[in-house]
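Chains: A, B, C and D, in written order; residue numbering restarts at 1 for each.
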């Protein structure tokens, strides 16, 4: 019987839902997270023979997430993810690399000390890789839906046998921003990066969603000197002008159909010149 | 061969996605709707023999939604739903009742004239029934997630053979508000009703989610004199205190596990004394 | 300060996920359920003052679900739901009505004694109401997606100012079946009802989805003598023929676009003549 | 003002929903696909200045998907994806690489010539990269949920300060299989690979989900001589035995709670010895 080889592999506990309440006289602070851990190391025996001597159970990883929230608090999702990732590698001789991904769901105070409203409009994210190369942090936001009612054109593109799209000098442009960025070292306050993305979307006169993407990434680099690289994934949420002529009506860019599928998907990286991208930031899973 | 009888039936176009842009010098206004139509009437022939002479196609209903947005604008989702419902009954002799349900997705201006951010934290709703009884409007909100870090107890309940829940004098209370309300006539500005719900959730010291529900409904009735009835569906989004003792740690109401399922579900109606409930507005669960 | 009135209300534990394994020499039997309980009764005090003396906690309801699975087994979801509903009313003087809803996720044996594959193509459902009126059982299936490639027409409908839909003598007809049915007493084997629905969809030449709906409901009544009423909710999952003429291609009913939204929604009840519908089994939409 | 650099980027039309009907005397054949296209090439101008002269619009990509279904049919999702990917690169001088991803939703005949039932239990997938390196095809399945009622243990793992999990000699093991595989050249019939995955899950006595993963990957390599590499992502869908002791009941591996989150996630690659992995198979998006 032939033998086969174990290639890249990892395991961990995904989607541990952690809510932490810091109680304070001036008003509580609420931190609402979804934490996923993935570990790599000397894990061949578990795969080949079911010998788990090198395996830190995913249940223990979950416990560690909760215990660390109490022991160390959560200064930021980046710092919390880094602490967890470093812990698993530092304390387990069989674990050589850790990736910790955190989603943070924002809440807004209702003006009292104890009551909050979930702000479902966007999610903050952090992904930390830790290994022999040190600690690499990627910050981000996802789920932020933006729309411009005008100042967007699309024309001058290739026409071939399969082209039917008419050129347009005025369209609605809408997208759901999925952005990540990386600092040269450590990580930076996500506030200015997030603000730069929104601002650039709003004030860029767009001839293509690609142009808007580059403008958004560039604005982050302009405003956040520590950031060396921004990655954006921007679905083009098409809004089609409805043809009302059959009903004897004009439609002066007023009534639109918001389509679900298909959708354009524009993705790209904007870098500070000469930025070096660490290989370990891309895991194959 | 036996013959069978056609019972209650309805048909219509569901989930027509309509976005309307009102362009104005001071800044555009964006209205983002999901419109569902259901019609009732002399529809037996379509069911029994496939004779569609009495059927207004659902495609036409969709077209009407778009055309009306242009012809009449959208002053409010209640008014727009009522206009549509009344139109179908008024213009089609075979259609005797119409129900129009609209979800409105809010957007916030980004401070420029043309750019907006979707506010995904809650959805405004309206359901209009129109028939021989006139026009009945129900307004609402859904998807509003609220949480209190304290000021919530739960004890004094029935214990039986299957009880394991310990009583608590201090718990996190969280829910996703699904609320509808009805005015004696027509409909009212939803702003005060929405504000009353949030305010009552925040300032009610809770001994049961039922008590919070009644307080929320009562607050709407108190603040909105036109409203005669409020219906609330409140899932209890459990936040369980994590037992950190195995790790040598205490947990002074700080670290919680946010559970997905199962969840409590508390539902109820709060009415102004003597409110008469029209049969056609079905409040059943 | 005005006082307000508590209207209809209920509470319970929703979505308790229960998997039961019956171990047998010839092969295990797997039962995978999602159980939701709702109770009604003397619950005013809990709403008005937070006095929970009449409240059986939802946590206890969940425990009862798991304990009953062990104590009594699960002969069918109808019988299990009835046992639970009757238990809550029988054992709690403050609880007068119970509604238990169960979804069952089917699994198929992989041919060994212990291994199974989830069949995600449809979900079996049961809803049981128990109160002073006795026990009312409604059985059903949901999520069953059916399609016919031809033998479906749609024409002869009303044309008005907003009509653009062309008549068709040959279209794809697709739907996702959501069906419930009720026996005169107790409940019946769901197999024949399910088979009748599928068979009638397949062999009915359709001039309207309404006609298909009535044929499906009638077939259940024909095949299942105990069943007195069938309710169907059938979304019309539109498949639009793509216009390939711009590319110099014909499209002889071959290439379709499967649309997401909007969609037609056809709903109706088919009854055995003279069937008496208990008020407590709400058939409203 | 500083200048920034455009890094890796791509664009395309995602989720074009295509249904093709091949009409035949012996029974129609139904092909139900979700097609996503991503292109790379000389796209800097579109990003930097909004000059779209090098851009083939995503709308045209969608049209091409539909037209090719008519012109060339769909012999397999792998062949269809390859044809599309090669077309975009061959016909557009500005496009140098294409990635086409297809999901196929299976349908089962209802025994008549024209009627079908959607089989929602698993999805077939194919991803094709085409560029200067030629055409690379990855086949797969996703969403296949499997469960074993026994023959699964988990013990012998690391214990640390945060361990609470008890060892077990008998547990339920369940997962949702997400598998992809790659042939040395071209692609192979997915049937044997799919069968090997299911068979190995069923007949492997498991000491760890990692061991099951390796067995599943190895079985594919054993049965499919052309396949050089299998990648598996296996969530551990935890089924926890419910503690019924408080109710005076035992629980001899009979009644389980099926948890949603968190969940273990085990991922790994199994390779034929010496398999060379083309770099282009991993795109950073």
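Quick note on the criterion: a residue touches a chain if its C-beta (ideal position, glycine included) is under 8 Å from a C-beta of that chain, and two chains touch if they have at least 3 such contacts.
From a predicted model like this one, the values you see are computed outputs, not experimental measurements.
If you take chain A and chain D together, the chains in touch with both are B, C.
Among the other chains, D has the CA centre that is most remote from the centre of chain B. Chain B and chain C have centres, each the mean of its CA atoms, that are 22 Å apart. The distance from the centre of chain A to the centre of chain B, each centre being the mean of the chain's C-alpha atoms, comes to 31 Å. With centres defined as mean CA coordinates, chain C is found 37 Å away from chain A. Annotation for chain C: residues touching 2 or more other chains are 17, 63, 67, 162, 164, 246-247, 260-261.
Of all residues in chain D, those touching chain B in their complex are 161-162, 164, 246-248, 260-261. The residues of chain C lying in touch with chain B in their complex are 1-17, 36, 38, 43, 46-60, 62-64, 67, 91-92, 94, 153-158, 160, 162-165, 206-208, 210-211, 213-214, 217-218, 221-222, 229, 231, 235-236, 261-273, 275, 277, 282-285.
On chain B, the positions that touch chain A within their shared complex are 17-23, 28, 30, 32, 63, 66-67, 69-71, 107, 110-112, 114-121, 143-151, 172, 198, 201-203, 239, 242, 244, 246-247, 249-251, 253-260.
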